[in-house]
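Below are two complexes that have chain A in common, paired first with chain B and then with chain C.
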Partner chain A sequence: MSAVVESIDRIRLIAGNTFLEAVRQKFFNSLLLISIALLASSTFFQQFDFGTGELKFITDFGFGALFFFGSILSITATTQLFFNEIENRTALTMLAKPVYKLEFLAGKFLGAHMLMLCFTLVISIVLAGMLYWRETELMARLGDEFTEGRLIRYGDIFIFGFLQWLKFGVLAAITLFVASFSNTNLYTIVVSFFVLIICQLQYIARDAYSSMEAGVGSWLVKVLGLIFPNFQLFNVGEQLVFNVEQGLPTVTLLQITAYALVYTVAFILLGQVNFRRREI
Partner chain B sequence: MQSPLSQHPLVLRLRRISVTCAVLLLLGVVLRPVESPAWTEVKAGQPELNLQAVEGALGQGLVLGVLGGFRTIMADFTWIRMNAVWQRRDRAKLDAMIRLVTTLDPRPEFFWVNSSRIVAYDVPHWRIDEEGGYDVVSEERQRDLDVEQAEQAFQLLARAREFHPDSPKLVLETGQIYLNRLKDIPNAAKWFLKAAEMPGAPYYAARIYADLLRQMDKSQEAYNYLKQLHQTLPDDPYAQKGIVLERIRNLEDDLKIPYLLRYNADQIAPVVNPSEQTYPFNEL
Partner chain C sequence: MSIPAIRIQGLTKDFSVGMRGLKLRAVDGLDLEVGDNQIFGLLGPNGSGKSTTIKVILGLLEASVGKCEIYGKPSHTVDARRSVGFLPEAPYFYRYLSGRELVRFYARVCGVARANINDQVDSVIDLVGMTEAAHRRVGTYSKGMLQRIGLAQALVHDPQLVILDEPTAGVDPLGSAAIADIIRELKRRGKTILLSSHLLAQIEGLCDRVAILHRGKLVREGRVDDLVQDELSESLVVEGLSEAGRAAVAQAITEHGGRLCRVEKPRLSLDALFLNEVNQQESARQQTEASAPKEGGLE
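This part shows the complex of A and B:
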């Protein structure tokens, strides 16, 4: 029992240090500032909109910024945090102590995941603030249109943020898995981005080939659909925030959460299998 | 004893890749009962994205759009870019961009309505110009081009109605193309009536329908329709009750209806059982 507690303690220490190192990175701060600036400028971009309501436009814009910058941050921060330890040889010192490689990987993952939690939380708060400000102004101007009170369900913004955070977790675990057998920073980032694109678009191929007769192409797509996680599953923005009549059922949220957690753990364990053999 | 081949780095690596793929495959199969119902639920609420649209999007450098982020703004900027293509009269690219914009963000009716107008009104004109102009191209050929382009516009509007089944604007647009481009009054009337019966339809849809009935020599039908319409219209300046009454009077003159049998605009509207009502304009 005490071995488990000690192991958790070691993971916590590695995660804490990784997180501190990550938040001090200029890359994280720059990306966070760019995201906030972009979100704040969404009212300017609204000039280019053709027919979507202002609040809906800002919400889409915010969710887009969260997905785009979050994905970049998740991949690059995880890669940097992993390879910094290898390149600076601090991993050697750490692993010379009674620290298992799995603990090292889990610590790195949790550190990166906490960083993503900060990012997601800040973006969600800024988005909620922007929407609250605009909605209040619109209510003052067009009071008659808001007979049933506020249109936006602010809690849903954070539910969406939570689901994105889970997705970033899977992405960070995939990145760690790639890093576990890769020798360079760049290779890890490029491969992880390709995996992200495949995961995000695999459902289209699945849909397109579902109507095909059983053949090599059809089987290949089915197999790929099973190997790569479906990231489009986390894209639930359409059903949250505004959709009062047909919101996302709680059971679906739980299913998505379970899906993300299982994949996260699986990719970390697969990463551990590769990392165990690796000479540092 | 292990053979040297089995210890070859390439074989080892292939084995590792195979094992990883097998584990992920197994995981995918195990998670399918969790993923499948959730995906059905999520997919129902998402604008559909097909392979064709993705190909188009990748060609336009809009990977971000199809990946789920910034779909709205990507569609908006693509629409702005499409205007440059429209100015150049590049038909092939225009078709691709219309498909791309409406796939990236099918929510604004603006994209559908204006795309169908370009396809139905502008493109036939360009094609006639390409073939030598209105003086050279025979009227029969002009008509064929109009029909061909109108069909494309109708397909676009039919797709639009899948996303906006309750939108009278899209139904009205189909009627407008039949009327203004194809001069097909019976079909136009059918669509105007359909639009007029929809909640939230503009008041003029019903007036145009009555006028089309008159143009089809169905003045009696138009008269009955307008009388019923006048009774159900609210006292809203936009409802133009005065104009409706004026048209009723014109039809009474045309139909030579005796003065005593003419429509009494001041009478209280008869109570109509909703199930028996032919034209439900209460919500207009």
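This part shows the complex of A and C:
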């Protein structure tokens, strides 16, 4: 039991140090500022007078910014944090200590994931704040459309943020897996972005095999559909924030969480298999 | 008989090179044993397999063939690494941490008990002479300071075996001498030290035993004195001998069946000369500085 506690403690230490390194990176701070600026810029579209539709526009804009910049940050930060250790040979010092390579990988992952938590939280808070401000203004101007109170369920913004954060976790784990056998930053980033696109468009393959006859092709598409996580599952924005009557069921939320956890753990373990053989 | 600190048996390490997977043999059938409480030097030119051997000992690389043990435990296990401290060649640490934070971080990674951590960190920082600079960020350290703080992180969990890969590479002679003193102190404390270095003069004065590697193979291994000693010759160092006296000595040697090969003046090593000169200058400067405030006080 104490070995497990010691192991968790080491992972926590490595994760904390990785997070500290991550938040000091200019790239993170720049991307965060750009995301906030972009989000804020969505209010300039009010001159088109969308009415309450403006709130939906800002929400979609915010969710889009969270996904787009979050994906970039998740891949690049994880890659950089991993290769910094390898190229600067700090990994050599670390792995010469009584540290398992899995602990090292898990620590790197958690550090990067903590960074994504900060990013997601900041963007969600800014988005919620902006929506609140615009909704209050619109309520004063268009009182008739708000007879049942506020249209926006603000808690849902954070539920969406939570799901995106889980998705970033899967993406970071995939990136770590690619980094575990790759020799360069660039290769890792390019391959991870390809995987991101495959995961985003994976539902097309699922649709295809559902209409295919049983055979090798169908089997192959099915296997590929299992290997690459389906990122569309996390895009539940339509069921959140505005759709008051048919909100996202808690069971679905838990299922998506479990789905993300399974893929995250699987890719970290696969990364460990490669990393064990890697020459540091 | 005590368990050796390191036991390497038939170690071979091959690396795959290029797309065709050609094998490059970095270490070839190495047998080596490092006894407890020794300073052991691993010597060899670049590419001789020193760093690869060290990485296998540390479990950072898997042996292609053969086995390696640290105090009887397979070296690739985490358990074996609990008794090992390692200073890599040209160490690079997290630049944003202060020296103390860095040593503390590694102490926690190594599982030093919370109750002892501050004492342990202070103790090793003091041992390596970094107390005054411990609060500064590692990014501001000179090469010599990096080596010292690297030594501190290697020692913070009180390991029985300390492995130093080129500990004095890029460090000036004063820094090198200081590191050599620390290594001697570690031996006095009962530790075993394995070090690789190109600075043969330093190794000679420091190590109990050395092994020479060439192209991955062990060429020679043994006690330094045994290896460098010329078994067939002896030297007499004399002072104040006249020409007549020297002739008499030469004749006596001949009469007793010997042969006087050469007469030469004992030489000081350049290292020793440098250290003497710099230490003298430093002492003089300190004396001057010590006397300066008194003069100021009189005015």
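Assume the second predicted complex is superposed on the first by the 267 of 280 C-alpha atoms of A that agree within 3 Å, B and C clash if a C-alpha of one lies under 4 Å from a C-alpha of the other, contacts with A are read in each partner's own complex, and residues count from 1 in each chain.
Note that in this section a contact is a pair of C-beta atoms (placed from the backbone, for glycine too) under 8 Å apart; a residue touches a chain by one contact, two chains touch by 3 or more.
Predicted model only: the values in this text are computed from it and were never measured.
When both complexes are overlaid on chain A, the residue A:T93 reaches chain C alone and has no touch with chain B. Once chain A of one complex is fitted onto chain A of the other, the partner contacts of A:A208 are limited to chain B, with no touch recorded for chain C.
With both structures placed on the common chain, the touch criterion links A:Q272 to neither chain B nor chain C. Contacts of A:I197 after superposition: chain B is touched, whereas chain C is not reached.
With both structures placed on the common chain, the touch criterion links A:E21 to chain C but leaves chain B unconnected. By the touch criterion stated above, A:A258 is placed in contact with chain B alone, chain C being left untouched.
Once chain A of one complex is fitted onto chain A of the other, the partner contacts of A:T175 are absent, as it touches neither chain B nor chain C.
Of the two partner chains placed by superposition, only chain C is touched by A:R10; chain B is not.
When the two complexes are overlaid, the chain among chain B and chain C that reaches more residues of chain A is B. For the contact definition in use here, the chain B contact set and the chain C contact set of chain A share no residue.
Here chain C touches chain A in the complex through residues 15, 55, 58-62, 78-79, 81-82, 84, 86, 88, 90-94, 96, 105-106, 108-111, 150, 153, 163, going by the rule given at the top. The part of chain B that touches chain A in the complex is made up of residues 16, 20-21, 23-25, 27-29, 31-32, 34-35, 37-39, 41-43, 45-47, 49-51, 54, 63-64, 66-73, 76-77, 79-80, 105, 107-111.
Against chain C, the residues of chain A that register as touching in their complex are 6, 9-10, 13-14, 17, 20-21, 24, 88-90, 92-100, 277, 279-280. Listing the residues of chain A that touch chain B in their complex gives 45, 48-52, 56-57, 60-61, 63-68, 197, 200-201, 203-205, 207-208, 223, 225-228, 230, 232-233, 235-236, 238-239, 243, 246, 248-249, 252, 255-256, 258-259, 262-263, 266, 270, 273-274.
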